[in-house]
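Chain nomenclature is as follows: A, B, C and D, assigned in order of appearance, with residue numbering initiated at 1 for each chain independently.
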Amino acid sequence: MGQNIECLDLEVLEVLSLDGKDFFRLRLSPPKWEWNTGQFVMIRPLSWSYDPFLPRPFSISQLDNEKLEIFFQIVGKGTKLLSQLKNGDKVKVWGPLGHGFKIDLNLPILILAGGMGIAPFIGLVKNHPHPEKLELIFGHRRDLSCYPINELSKKILIWTVRDASQRDIERLKRAIQVKVEGYSSEGQILACGPLPFLNMVHNSCISKQTQVQISLERPMACGIGVCLGCSIPGPSGENFQTCKHGPVFKCEDLSTVCQQIKGIY
Amino acid sequence: MGQNIECLDLEVLEVLSLDGKDFFRLRLSPPKWEWNTGQFVMIRPLSWSYDPFLPRPFSISQLDNEKLEIFFQIVGKGTKLLSQLKNGDKVKVWGPLGHGFKIDLNLPILILAGGMGIAPFIGLVKNHPHPEKLELIFGHRRDLSCYPINELSKKILIWTVRDASQRDIERLKRAIQVKVEGYSSEGQILACGPLPFLNMVHNSCISKQTQVQISLERPMACGIGVCLGCSIPGPSGENFQTCKHGPVFKCEDLSTVCQQIKGIY
Amino acid sequence: MNFKVKIGNLVLKNPILTASGTFGYGLEFEPFGDLKKLGGIIVKGLSLLPRPGNPGDRIAETPCGMLNSIGLENIGINAFLKEKLPYLPWKHTPIVVNLYGEDLQEFEKLAKILANKEEIGAIEINISCPNVKKGGMQFGQDPSSAARVCEIVKKAAESKTVIVKLSPNVVDIKAIAKAVEDAGADSISLINTIPGMAVNPYTRMPKLTNIIGGLSGPAIKPIALRMVYEVAQTVNIPVIGIGGIASVEDVFEFILVGAHAVEIGSASFTNPKLVFEIIKELPTMAKKLGIRGLNEYRGSLYA
Amino acid sequence: MNFKVKIGNLVLKNPILTASGTFGYGLEFEPFGDLKKLGGIIVKGLSLLPRPGNPGDRIAETPCGMLNSIGLENIGINAFLKEKLPYLPWKHTPIVVNLYGEDLQEFEKLAKILANKEEIGAIEINISCPNVKKGGMQFGQDPSSAARVCEIVKKAAESKTVIVKLSPNVVDIKAIAKAVEDAGADSISLINTIPGMAVNPYTRMPKLTNIIGGLSGPAIKPIALRMVYEVAQTVNIPVIGIGGIASVEDVFEFILVGAHAVEIGSASFTNPKLVFEIIKELPTMAKKLGIRGLNEYRGSLYA
């Protein structure tokens, strides 16, 4: 990967709020890219002056002949401005970036998504040839209607847990632990979500010696491995750039990071 | 003046390009202000982040029950962004600022306008009870269709001179000199335009010992007399703030500035 | 909730002051809010005699900020006392006079004039202006001359609270701060503007006739925050944070790194009601942060 | 039109270089443009041994800019020479190696390694990094130590062109520049980042785990422009301007105040094709300015 990265000015086709407030679907004119679930793009509208300065990273949620779609939540200045884009506006987009999930379409797949961590999986679920092989555990804080869950095939098994309280989080953790064991040998596990969620997944899997692919979020400036802002310490001392070697890592590669998470967050 | 200054969030009612390119009319929901021709407002759209940072000054072109109107040309980042405003957008506006022209509606009035210097006079010409008392000499670089000249009453005398070449400028200068003499005792002369234009007006009038009121443009940060960015040296050593004591000055108050203009510009 | 803070002998009803040179002589802001609500009003820098400032163009916009080379234009201390001070609400909010002297004698004379004026809440010494030839920044770049100005003003000002305003154009701001504290300053305010420049590539002219001016606005906030953090950890007197503050969040960022109060500067140019709006938002923000007072929050950065 | 400039022994086909740390090892930008078109490629700062850099969060956005506290993470000089250099188009565009040593010995060793590598166009000495504990900025804050590093590298590097990159965190940049010129530098580049800080008022955490980082981006352009102007008037060797350059206009602004060449830094993060686009725009901009070459424009500020 890396050879087919392109930087393009794409046109906004649609900006749609899912909850009338904070959750948005942004559709752009589609580039012709080969890509994997879990890869991402850097986005910067042409209308931005130097404030905000940096581009913003988003998972590719869907990409087909009709649109490049990302799914995002307003959390700050940049996402607020993205939500105000109008049809026809131009945005600079480079991608597909990083390494996505390694997926075997013939194996059963357990998806563990926390909140916006659902974003990269939307295209996967919609386009999977055997959706009955997919199972999703979805932990979320905000109302389910905020997320594009009802767009997903009825054929896949979805467990949603609203993790508002400490008790909910314990429930989610147990649900994950129980499921994970079942997949340890026969299938694949993919996870994406906020750091505490990933930490939980990591610990659950490591303790069961289960393989899981985890997509990690780190602050990013370039998305292409040059600023070294997103570096994380790998298991044997060497650094990984999250944007280039990740964002999807094997569980065991993240042990050092997960040890640090408590310190950092 | 100064007592009735207000700072309001006004709504964009219309943004209309006059030439399909650089010249715009911006209409905002009207504040209830008493104001004079030559007063101005500071404008800063709520959508601006910190870049551009400063508000922008514009003459009040018209203000009635229906709209506050300004007429502007794209010359840089700020005016470019203003031209992209959409109906319903909010802009912070404070005014009416400074001292405008002192106008006697019963006297004949000669208006000398250079380019965008036409802006403050549009409302005056449209609403004047005796338009036949008005005469306008209009020097302009761009095509006449860029300016809202055809909106002005047919009853007023308009002399337009396209000052593209040095010869044109000489023609404009002569036209002004000839006219100015006629108004020296019996009427009022009002001028607004770029600095070299004002300089020419100033010199023509001073040499004929004719009174003329000149509206001056200076870089401004606050518009209310506090940053002292717009100060100019008055004739007897004291400083004037263009935003507060002006923007309209008596001709003789600008002698020192006009001497400096060659140095500065 | 109570937002009172003490700076020397002064009690401010809230930590929001106006930065010198960006709030005129105060009265200009009457159309935009109730001056009595302000934590304090710091007026334009005053000198013994009126000063015309620098000639020509003296402001220019830059990315997220601006340059100025006003050169301390002001009406002079006497005109201020006669024409402005009586009309300011000095009984309800402290009036702080920002002082500029070309030499030590001028600073001393200025302080003496203010010593027994009950209408004056405090003195802020400006040893950090980059836009004047004499005095100004050069006093603020060396610990011993900074200390000397401070001592002299402190003595001449008698019981008046003295705030020393530092220049960011130094290698080690902590050393200057310490020197000024030892010299008896009641408080330290920082930062003043940073020397900068802008040019027009088409006309080939500098945007400021003076060529170099002082940079202010959100662009410099990270530098200001760092210096306030360094100084707050070094001295035991209250620190007043200045530099690019443009929102209530920014105010709390400066308090978080150790500031007792803040001054709102060029951001007032973007919205003349800003200081008043920020003061109104203090309680809501405190609630969002889950704090009951500024003391528990000040300097509480997890670091 | 001809945009050639000479820096020491180097001839650049145009004045556009890439700033160290913002262009990786060069190869990462192959998808975005033809590397051969660049005036020169300055790679990430290299040390004798690989360095992991600072732990935790190490970038944060600020108004019109960003902070970084990477702490000179790099793969080490040897890995660079083996794994990156051979694949760079060194025959077509000069490769400039940015060097960081913890002490004088390390600088000397690094320079010796590069002295006889024909693939290396020049050395840029980084005596200005604010993000490392040893070496870094402290070399750049004092004229005599700056001169010492320069002399040693210059000698060890034999005939290689040596550029010294200055720190802006000094009171008098002219004194440092003069010292470095006298010590034999072929060129001076400036500015590196300015120490700054950002915090999250809600979590009460510094945005950088290292607390303090270096500020870059358009926010610092006015400061950079001022320092380049001051240095260009002081030294007779070519000056390379760095700091917030984000457009072809910015490039010409730096040339107008006296720079021979420029480095594009953090702005590349906002658009990975930016350097290539700027190079394409050079002729159009020169035409707009009505100039036939850079020589007639350089330092021609009306001031």
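Descriptive notes on the structure:
Here, a contact is a pair of C-beta atoms (placed from the backbone, for glycine too) under 8 Å apart; a residue touches a chain by one contact, two chains touch by 3 or more.
If you're wondering where the values come from, they're calculated on a predicted model, not measured in any experiment.
At the far end from subunit C, in terms of centres built from Cα atoms, lies A.
A count of contacting C-beta pairs for A-C and for B-C identifies B-C as the more extensively joined pair.
One inter-chain figure worth recording: subunit B and subunit C are separated by 35 Å, centre to centre, where each centre is the mean of the chain's CA atoms.
Averaged C-alpha coordinates give centres for subunit A and subunit C that are 46 Å from one another. Subunit A and subunit B have Cα centroids lying 54 Å from one another.
Looking at subunit B, residues 49-52 sit in touch with two or more other chains.
Residue positions 62-65, 217-219 of subunit C are each in touch with at least two other chains. If each chain is drawn as a node and touching chains are joined, the picture has every node linked to every other. If you check the complex, the residues on subunit D that touch subunit A are 21-24, 28-29, 31-32, 44, 52-53, 55-66, 68, 70, 73, 209, 217-219, 246, 266, 268-273. Put simply, subunit A touches subunit C in their complex at residues 49-51.
Residues of subunit B touching subunit C in their complex: 2-7, 44, 50-55, 92, 94, 218-222, 224-231, 233, 237, 239, 260, 263-264. Interface residues of subunit D, counted against subunit C in their complex, comprise 62-65, 67, 141, 169-171, 194-199, 201-206, 211-212, 215, 217-223, 225-226, 229, 244, 249, 252-253, 256-257, 288-289, 300-303. Interface residues of subunit C facing subunit A in the complex, by the touch rule stated above, are 63-64, 218.
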